[in-house]
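The chains carry the letters A, B, C and D, assigned in the order they are written, with residues numbered from 1 in each.
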């Protein structure tokens, strides 16, 4: 019977595996292609006749900037991953990937459970409805830790009881497919996951984002580490034109252009021009109403341009 | 804050919801198209000029039989589902679908856990490495049931403790995204799931199969109930040409044709012709070796044609 | 034998068909869901407890703004389309859709060819390597039109000759699957195309863009007309936060923030602050080099903020 | 400006390119993984603990036989292809692939057109509505060939006229994106195409089938050649359990089992038992009606078991 790969079996000095959370790993098992594969495909599709190395880098940056994404599909990454089931539940939502996961129907689940660091034990965020916020007290954290360790331990013991007890005739215990349903979501699982660079970058963009759950952020960042190593130009372009780019809505543009125009017309600074608009319209609510923004959206605009 | 839909909120007499397992449901929320949409698409693609109703049914059967599957994509089903997380983990593997699931980051998970019927508590199968086999004793089952109920109950209490405890300054407890990781996999979740008829039938074929886990078989069958009601011709054709069809490998065909030929040549019965082949080659192992089959594969051949 | 649907068979006054190019159409055959389906899915996934109609609109705008795109997959559109083959070749690149196309293997292709308006006959663009540019002279356009009409006419006659000539024994002519290979790419084809709102909006964003070929822009706009009619809030949000949004790269942001900061610090206008930066660094090339931009990228920045 | 890759640029002796049709090629540009990648994934998912080489082959055969297809997604193939546009139109229907195609908007299309061999010029099939049938007379074929060569030649000349004519001010001619619409569907195009082994085998199964158009059959077979070379066990299993397997419908099984049972009960041969059933029910129509088959379906049953 197969056993899950233990993190102690991995030789992290070999460089293609990174530790992940307390008992997991992110391993790069195989790559097909690199930056030159992107250039090669682009030269076919978009007909650019550039040849020099500096032009190759510039071509990749151009393709990323203009969202000509299909060329990035020509590179394929295959990962060997070990992660808690609750992270896998988010990870699997990215459909454009090939997956083979350890099966709890065939094999016994491992006695490994994700236990967060003490620093990670934060209160429910007040501002971000789905996130974590203020740090908890030492006492609270100790109490939480005690619960998490106890649940992981007792549930696994119960699981073993279910599958191992023997009937009078030497039968095995409860089927593994049923026994596993009492294991908690911090139990670890293992899988192969394969996808193309376009979809991988999209995954990283969404999941390395600060609004994603911390544990999947770490997963996305570990993957990003490997992309950077294998496709440095594509990664650099991704950072500049996708990951750290911001979307400026039509409403944002209207307001920003008006501030700039007033600045240029009146010879006022940017901040003074903004104050001028508020004064003219009456108050901030009148401003965001005129420009069609919600209050929250307007607050984000102000924060972005340091106007609040 | 949103709460999960309780099964007690559903009016099952309305006919578009079916109860599922002990606390879940399978609801058909919307359908686009029916058997006539398949016919309409086929008339465009495959140019059949048939017109009568009986010919419509025959056309659908022909399309299913010849695996002209794209026309079945013209019908779309949207389901409202409530299922245990361990079933969702299998369900989500079917990628060609649209999904929106209840979020345990935003909202509090429900105090509902799947507890199998006593009949369902079976031992690990000896023959099917991933399945359930012999029924357990009453005593064993009572013990298992006690464990499952206890784990569900205590884990949920621990979950509430994690999210509800207040700090000295009135802060909320541990973030929901972290607290939920101690909930077991039999906890219920809720989702909308939308896919086209081609992919839905493929899902049903794989998951209503006796080798699938019982709990997802029930899900697939409930969905099948709705397909049958909305697209009766497609459903009937699916049963005849896909779900209850069997694949006859090249090896199976070679052996079967040889038996038949000997039967016709020698004027022997089918069974006698088979015995003749065994005798001529020496033993059964010589037969399956000659035909390139594994022992297990050969056993399935014999069972299928009642030769063992 | 099936014949292609002629545009003269369509009753455009019925409102769910729009004429498209000279001989095609864009028909909305079916829709599943509307703005409320998006809200319903979001309430499950993102747990918002809002209830009023104005809050529904605001919720959809929020979801679009934050790229919570999965909820838009809950709406499905099915189109009946007639378009030239060269447009279909671009259209089919959008993979997340269901397609059933008229088959030139089963059926005879129609005697309908796209002939552009005279206004559309433009020279190869000098600036946009893939686009159309300056208008041609009347004489040139007359000559082009003559060629297009002649080719369409003679190729179709040749096609008919290939399929219709009879052998001495009453046989049919060349198989349709081979005869059609001499038809030009402006020949019309017909299809059903079904996709979800998320993918439909993505298609519209890419293909209604001024850089797309004019003929597929028209297709995307006709589809947009139907989205606006069926999901007005989603459409409005799409226009504000996707179609007419702009991506501000990390480099753009760095430069823009520096201009604004100098404006605020020095009490200068936005334009003067920009001139200050150029002066300080020496020239424009020094500016875009420092900020990591290409010359072309920098030109686009200047144009966007009216700095050139 | 990019030019399409000419077949004369390819060194076919290098072994990873095959000629395809009269002017095209099928090149294997890259592969990720092989048979052992399938085994590795299976050992994770399905928990088999087998280790020896002969067991590896047996495992792959088992996985193919039981349609455990996800493990075959762990191998990725990237092809460099040159094919006529009408073949590309069929090829692109397989959506689970990554594609980068030569662009007729950016670049000038090549003066290369598919001209079928004389042997390929067959009449429209009478039995297969979408296929080619009887060979045509020498005179007919000569006439067809003359038309195909003439159309390809004159259309290309007209294309060059459209793009090359110069206006009085040195402007270029008609934009390439419009000029190309008069090129016929036998014009060649070039692309990179990348997909996983599961989807590749599915493509080959559907398109190497005798009912597919001859030209795409050749494409599928060339790809199959490379699969066989790189993943010999998977290919062998594919041939046995997928490509040359047949689907036995529920109706087929019912009739076949009844014939066999009568043969065993009465001690009659298979053929005599079949004749017995016909006699008992009256005639063949009564037989296929009773078993729920169409006449055509019944004919295929008889042909398969040599009963007609």
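General remarks:
Going forward, a contact is a pair of C-beta atoms (placed from the backbone, for glycine too) under 8 Å apart; a residue touches a chain by one contact, two chains touch by 3 or more.
Keep in mind it's a predicted model, so treat the numbers as computed, not measured.
Put simply, the chain farthest from chain D by mean CA position is A.
Of the pairs listed in B-D, A-B or A-D, the one whose interface repeats that of B-C, with over half of its contact pairs matching by residue number, is A-D. Ranking C-D and A-C by contacting C-beta pairs places C-D first.
With each centre defined as the average position of its C-alpha atoms, the distance from chain A to chain C rounds to 30 Å. The distance from the centre of chain C to the centre of chain D, with each centre set as the mean of the Cα atoms, comes to 31 Å. Residue positions of chain A touching 2 or more other chains: 46-47, 70, 93, 99, 103, 106, 129-130.
Chain contact topology: the protein chains form a complete graph, every chain touching every other one. Of all the residues in chain C, the ones that touch chain A in their complex are 46-47, 58, 61-62, 65, 67, 70, 93, 129-130, 239-241, 244-253, 257, 260-261, 263-264, 266-273, 292, 294, 296-297, 305-306.
On chain A, the positions that touch chain D within their shared complex are 1-2, 30-33, 37, 40-49, 70-71, 73-74, 76, 78, 98-103, 106-107, 190-192, 194, 196. Partner chain D is touched in their complex by these residues of chain C: 84-86, 88-89, 92-93, 95-96, 99, 103, 105-106, 114, 116, 120-126, 129-134, 136-137, 140, 143-144, 147-148, 150-152, 154-155, 158, 161-163, 165, 167-168, 171-178, 180-186, 213.
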